[in-house]
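The chains carry the letters A, B, C and D, assigned in the order they are written, with residues numbered from 1 in each.
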Amino acid sequence: MNDPWIWIEAIMTLAILSYLYKDNPIYKAAEYLFVGVASGFYLSTYFQNVLVPNLFVPVWRGTSALFGPGTPAVTDLVRVTSLVLAIFMFMRFSPRGAWLSRWPLGALVGAYAGLAVIGLAQGDLIPQIDSNLLPLVAPGAWKTLAGAQGVAQGMAAFLGLFSNIVLIVGLLATLVYFFFSLEHRGFAGKTAKLGIYFLMISFGASYGFTVMARISLALDRLRFLFEDWLGIHISG
Amino acid sequence: MKLFDPDRLPIFLAIALLGFLVVYLIQRAKRGQTFFIRKIAGLEAVEEAVGRATEMGKPILYVPGIDDANNIQTIYSMIILGYVAKMVARYETPLIVPIAKAFVVPLAEETTRQAYLDAGHPDAWNRNNIRYLSDEQFAFAAGVNGIILRERPAANLYMGSFFAESLLLAETGFQTGAIQIAGTANIHQLPFFVVACDYTLIGEEFFAATAYLSREPRLVGTLKGTDYVKVVILVVLVVGALLATVHVNFLHEFLNLE
Amino acid sequence: MSLTQRIEALDRRWIFLLMLFSMSFPLIVHIRLPVRTSPEARGFYESIEALHAGDVVYLASDYDPGGKAELEPMLLAVLDHLFRKDVKIVGATLWPAGSPLLERAYKTVAPKYNKTYGVDYVHLGFKEGKENVMVQLGKSIREVFPVDYYGTKLDSLPLMHSGFNGNPIDKLGDTKLLVNISIGYPGTKEWVQQVRGRFQMKMISGCAAVSAPEYFPYVQSGQLSGLLGGLAGAAEYEQLIGRPGWGVTGMAAQSLSHVTIVLLILVGNFVYFWNRRKGAARS
Amino acid sequence: MLRREIPIFLAVMVGWFMVGEFFFPWAEPGGTEVQQMAVIITAAGVILGVANVIRINLLKVSRRQKDWQYSIFLLVGLIVMGFLGTVLPIVHAAVKGGAWTLGSLNLVGITDGTVFDRLYNRIYVPLSATMYGLLAFYIASAAFRAFRVRSTEAALLAAAAIIVMIGRVPLGEKIWDGIPLLTDWIMNVPQLAAKRAILIGAALGGIATGLKILLGIERNFLGSD
């Protein structure tokens, strides 16, 4: 309660919460301080964790190997080119040399494109199609329905009977909605309409989960204020 | 050392099939063949919204997402931004583009300047409307909300990659009564756009919008390529499910990468 | 103005106060509710339960302060569960603001099971590069992390030197399980796309409730062997490992707040349509 | 030529390296180096971003533009956190200084027990966490004021949201033990089918876009020249 750092954290928390009442100078100062501290944090973290171990040290080794004795390893040469490309990045500020910054951007976009093609094909496309090749009724669904006790389990088992059919029909209908070569009329129109209904149920589920997430965030701050700052015992 | 990893064959085939179709259809589109693309409700609304805003002489707000230039959605948003800028160039309506990442500022500037040039009004382009607000998500959202409440745009367009701040933008816009149209492939933000906006481009529709709007050969070719592959997938899904029902699993074995 | 019109035009600060009460009352009054386990949370628990003493897991702690409220309880519970089973942990993060959070979690749980740094667990720190780093880790950890978070060379850490039954841990494949705590991009989706299939890793994930619905297809397809969704997921897992913590405590406040939100939606719509019908009837 | 062809050539080369390395394992070693380059360039991009923040705010203060007083808070925060993690460690290493401490905290470095880490935990964390915490209040006001059920689609969305919200918390089971089972079914069947369709569609779109970059067809990332 009397640790000065807890007071600092409490002031930070309350300064942001004050925005709920109305925008005020304290909130604005805290917001600007936040952007500054965040930027300074990123600067130091990238410097310590990326630039020093992955760039300055190897490049220093690369350049010294290049000009010094012995043959430079391939990796050191590439590291030097990375440094050169990284410097080109900063050319973006000079009016004349701005186009130079496109070289590293090109390499970066190329790298991400290559990884995206592989990752999406192997991680998403094939496995998701494969895992929907399901029998119309899940094996054992009838058995669970027969063995279900009580209304609740009965309802769940009854729904279980239709799980695979709904999964198959739902996927097909939603894919038809995302089909752009047919006007939404007639059979295609009705299927696309069914697809929208499935999408809306999925957005409803996401809405529910997001509400849960946001509330947990506020709860964490309230716990700090009540327990650490005001000393009211809470957590289990 | 294995030359080619055999159980990665289905992946190779999928990429090869899609790649071939996309390249072939882009060539056909370049040679002038026209392709049918269905109406996209969200885009009809964009034209209507821009029209209404220009009549009322009130500004249009276009937020190209908060992600960096390496996110495909930001690049696609630039294409839609270019299209909207071309529509707006002929009128005095200011097109305000708040930006959240330093890298995106030059992209947005070049895209809008080019669009105003193509529309024949290079002088109407106003660099101050491309406003870098902050790299920080909520400072950016507060900045955009400030613009919405102060300059009261008649149409708010949110196109690109959005995260938790989507709710803040959509709700503030909802209060001012502006027409709001959103488009993003970030699935988790769609519920908030769907609830608070008049029209929403859902996931792929956002990507399809660029092809529909621009009719640019590369984009139309890609859209049709992915559509035809979708037909193949629909067939595989139906056949696969029926086969699985009768306990024949060769399709599952082939596609199973485990 | 009729009552319903006044309600519809209610200053939103009253709603803020209502939410403040819904979240604070159950916390202060210590209401504790039993938590039911969802199938995907049980899968998360059983995947760790199946590990043996001496096995090594790769812990991708990809979150930052914004996600602390939901994910720190999960991380603390995972560390508790892993250390209790004498499983060794190679931890790192792809989020710039993530390293101090992992460090603090280690420092909170490790002493309880007197685990020593470098032998039982390792903190490699943060590395920028997103998907690039993931694929590289599949091939060579040392290429990505020449030194750990404290600047020590990897080979001078016993776990990294001989953790893979005697020989050095070179790549992700040398670990038994990929445990991912994820708040956004890069996170669970990218680990599934770039690493899970390519390097045949068994993977479980704890994620923010916002992204949980998107990952259910990965659970059904078997790409994810377990999933914890938001604070509710943390509470379920805490209860499964018999260590009720903040997750379980928060559930009562979460429950009352959800009821408040549901009522707000219903009342909001009732008032909206009532005024429209009244308004239409009058004009 | 230099403005457009070389960046695209670089993109194509680097991209195919990544793809080739996946299908042809013998290309293994090369891939890691190229990825190493991407890591360094991304880090350089971040330093660029921070430099941009400094430039904008320094201008704002020097020209006394609106809200310039607040930019001072930003610059102070940035300089303190930046200095502790970059300049100070270099000076400390160069001078081979001993333990530079402020009270019980170590001044140099960014790990546990340093001033940097304490500022991170007591200023950055609460500010960031509370910023997100505000969303709980906004979501409540949005639920009341911006969640109008005016169509069948909106009704389905609302019904699913309400069932999931009640079913995911212990209260749901208290009302009727069927609700959590209904929530599990919604999450694992209808919701999953729609999310899977979105996943497949996004994968196709993403692969196509990636391939266009690899084939030098997609040039938009350069902006029109």
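We adopt the following convention: a residue touches a chain if its C-beta (ideal position, glycine included) is under 8 Å from a C-beta of that chain, and two chains touch if they have at least 3 such contacts.
These numbers come from a predicted model, not from an experiment.
Of all chain pairs, the one linked by the most C-beta contacts is A-D. Farthest chain from subunit A (centres taken as the mean of C-alpha atoms): B. One simple way to say how far apart two chains are is to compare their mean CA positions; for subunit B and subunit C this gives 29 Å.
Averaged C-alpha coordinates give centres for subunit A and subunit B that are 18 Å from one another. Taking the mean of the C-alpha atoms as each chain's centre, subunit C and subunit D sit 16 Å apart. Under the contact definition stated at the top, the residues of subunit A that touch 2 or more other chains are 20, 31-32, 34-35, 38-39, 41-42, 45-46, 50, 54, 92, 105, 108-109, 111-112, 115-118, 120-122, 124-125, 127-130, 132, 168, 171, 175, 178, 199-200, 202-207, 209-212, 215, 217-221. Across the assembly, subunit B contributes residues 8, 14-15, 69, 72, 106, 134-135, 138, 164, 187-188, 191-192, 194-195, 202-204, 230, 233, 257 that each touch 2 or more other chains. Residues of subunit C in contact with two or more other chains: 16, 19-20, 23, 66, 68-69, 96-97, 127-128, 130, 132, 135, 149, 197-198, 210, 213-214, 217, 220, 222, 229, 232, 254, 257-258, 261. The touching residues of subunit B, when paired with subunit D in their complex, are 1-5, 8, 12, 14-15, 18-19, 22-23, 26, 68-69, 72, 75, 78-79, 101-103, 106-107, 110-111, 114, 132, 134-135, 137-138, 164, 167-168, 170-171, 174-175, 185, 187, 191-192, 194-196, 202-204, 207, 218, 222, 225-226, 229-230, 233. Those residues of subunit B lying in contact with subunit C across their complex are 163-164, 187-188, 257-258. Put simply, subunit D touches subunit C in their complex at residues 18, 22, 28, 31-32, 35-36, 38-39, 42-43, 46, 111-112, 117, 120-121, 124-125, 128-129, 131-133, 136-137, 139-141, 143-145, 147-149, 158, 161-162, 165-166, 168-171, 173-174, 180, 184, 187-188, 191-192, 195-196, 199. Chain contact summary for the complex, subunit D toward subunit B: residues 22-26, 45, 48-49, 52-53, 56, 131-132, 134-135, 138-139, 141-142, 145-147, 154, 157, 161, 195, 198, 200-202, 204-209, 211-212, 215, 217-218, 220-221, 223-225. Across the complex, subunit D is touched by residues 10, 12, 15-16, 18-20, 23, 33-36, 38-39, 64-69, 96-97, 100, 103-104, 107, 127-130, 132-133, 135-136, 139-140, 143-144, 149-150, 198, 213-214, 216-217, 220, 229, 232, 251-252, 254-262, 264-265, 267-269, 272 of subunit C.
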